[in-house]
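Taking it in order: structure first as structure tokens, then the write-up.
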């Protein structure tokens, strides 16, 4: 089902739903764009591309309370965290960040369901947006995602004129939302087809296609756990967590007891799940043993996890081509350069396929 | 539906001081329903919580045949283990588990078993040894080669004595050179070297080994040269873990998560793994 | 200019005077809205023939001395490093603090008219007050003034017309003038945004601790969660730990993906140190580190 909505009506719609939903949308503060809960429509900063920070923190926060505890006279009392059950709408997520939810879903919903994550997924309506122009560093088309992919969205907005969006009602949830607020939408003209706006850059981007072949990369990784390329590329890696923290699919975490307050013979505290990164030395470090003692091993883990281990386990890759790691790395490590080199090496080792 | 990160409350029932820095804790469920429902298999592990400190991963060192309690053997090393060593009988501890796979005990039936342990690495083997001893007639010859850095570092001393006195176990104990004391009646030498001097037949037998990574490495080499096939060698691997559920992403060796696909691996499987453990 | 750099480094490797050169290389990066982008990035060179990839221009913003304390670099018996005056200041501190030996290092000093900052700043902030356009310590000097100035002038002109003030200096002045309550609130607002990626710490040449206090767990001084309590402790602790040491290379703020005003705290500490002890870090290798020395006349009014 497709409908139309004007920018004015979208504004009215959002202002209306702000009274009954938490609305999360792209904003820009300190020259950094990110998703944030807004209180008025005007806070939204519509940009052509992905915000610097991905929306993953709204499903898997940098720090989540797992449960609280209170110890009194050797008696432990456990309490569930005050959970986020408010209905939420996240507005303006792009197809790549939406595709990233597939990866998080596999991890957190399968084989031992993470209730926190699943509650946040269930109580969120996702109004996504297709891309009219590629971001400077994007490469979604190289990892099998289209800039107008509507997967995981409930509704998808597509620019068709300056102030008019085509609205694709994708899911049942989206349909329910639409029928509740149908007065804000108008019928799409069946004969007119409504061509989405595409910049010249987008046309070129789509024409160029994939920069590398994920299958070839995967096969090469199968055979090249040991290879000089790892230390060559990772030599300049400083071991910070920028690439992993800004990645919409990276999901590794630590568990830690925090906010522990002692009073007389009793104490209370909270156990938290906290973002962690395979780039950090302490990630795998045990008191007597460190299986990944050097940065090249940690760097290899990141590439292997995305383009081999995750595929081995879940039959899908764990990179959505959003390009954030490329643009934010403080020392200019470029995953495209890495993948293109691997792509070339795979041709060298197997001949032209 | 339950919160997968929330532990069950257990009460410390007994504490055994094994060595100056190793203690064994016997834990009982606070909830009697949980206690009667709880089952596990030898080789599995759990996440033990010290509220206010955090969680740590230990294998279950008691036998699944002995119901009503679990035991864990803990070396004092980090934040959680240090705090754990300060606990007394009656104190609560959180437990999540059992997690991971287990020793293939059904496939071991009718076979001669060779256990090769080093230091605190005897703990997971102990679970299986005791399991096998409770079902003694199901298994062939049982050989246990156990070594540690010094006499003081031998764990389960009481049990070692009992095993020694049983007629149906061949127990060989050794300590690293320099670790012996004047009363020491066992052998002196590193486990992989001692192993070469005793006759171990690969015929209808399975070797199970656990200990420091370097010991495991040389033990496997030794077994290999004695004609043990890769599927006849079983070990447990250790990686840093946080969730135990295959989610937190840190215990992988190649595509395997040690917490889900391990900790028990055959050498045939390990051979396929990237060298990063 | 480039050829002299390349010739000198070639010679160093060829004659086995050093086994590694830490330098700047130029790489191309594929982007979607134009031709390939030429970017500068650190490069590790071990073979003489690779020295042709070395460049020196006004986009060489990185302080390469951060790599000097890394395991991989320390494994080399002797290394050469390309360093601007500001970078040499942190090398100085590393020598002062016995992290590296002067004799294990060949400093390829670069005369510099300023480098282009990140995030559309005309010139890196540190360049404004730079006193070390010609480095104070070096073994080989690469003079590049002419080629560099030309390019920077163009950028500056463009920016002047936009009437742009130096954002870091502006932030510093603004914060310095605030009353304590406002300043505290400003800090809370800013540091609540920190996501604890530790890019600031990892990129910092003087954050070389084997194990940072944030990673220590027995006892756990600083909470790991990227929430205000831990964030504040971390950043304040870091500022204290860099007091009398920070050379204001600005790398932390450049690396910060959340655009936090990280150098502000360090600048303030440097100013205090200068006022109280007439000490400026990174100028001499044979000077005692500020916190490693004591004089009877030292100011101690802060002890209460």
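We call the chains A, B and C, going by the order they appear; numbering starts again at 1 in every chain.
We take it that a contact is a pair of C-beta atoms (placed from the backbone, for glycine too) under 8 Å apart; a residue touches a chain by one contact, two chains touch by 3 or more.
This one's a predicted model, so the numbers in the text were calculated from it and none came from an experiment.
With B-C and A-C as the two chain pairs, more C-beta contacts join A-C. Using the average of C-alpha coordinates as each chain's centre, B ends up farthest from subunit A. Rounded to a whole number, the gap between the C-alpha centres of subunit A and subunit B is 39 angstrom. Put simply, the C-alpha centre of subunit B and that of subunit C have 49 angstrom between them. Averaging C-alpha coordinates per chain places the centre of subunit A 31 Å away from that of subunit C.
For subunit B, the set of residues touching two or more other chains reads 54, 78.
Residue numbers of subunit A whose C-beta contacts span two or more other chains: 254, 256. Within subunit C, residues 220 each touch two or more of the remaining chains.
Those residues of subunit C whose C-beta lies close enough to touch subunit B in the complex are 217-220. The part of subunit A that touches subunit C in the complex is made up of residues 29-32, 52, 62-63, 133-138, 201, 204-205, 211, 231, 235-236, 238-242, 245-246, 254, 256, 258-259, 272, 274-275, 277, 280-282, 294-295, 326, 328, 330-334, 336-337.
Within the complex formed with subunit C, the subunit B residues making contact are 54, 78-79, 82.
Those residues of subunit B whose C-beta lies close enough to touch subunit A in the complex are 1-7, 9, 49, 51-55, 77-78, 90-92, 94, 212-213, 238-240, 242-243, 245-250, 252-255, 260, 274-277. In the complex of the two chains, the subunit A residues touching subunit B come out as 66-67, 69, 71, 74-76, 78, 80, 107-108, 111-116, 225-226, 251-257, 260, 267, 269, 271, 273, 276, 278, 283-289, 291-292, 297, 301, 304-305, 308-309, 312-313.
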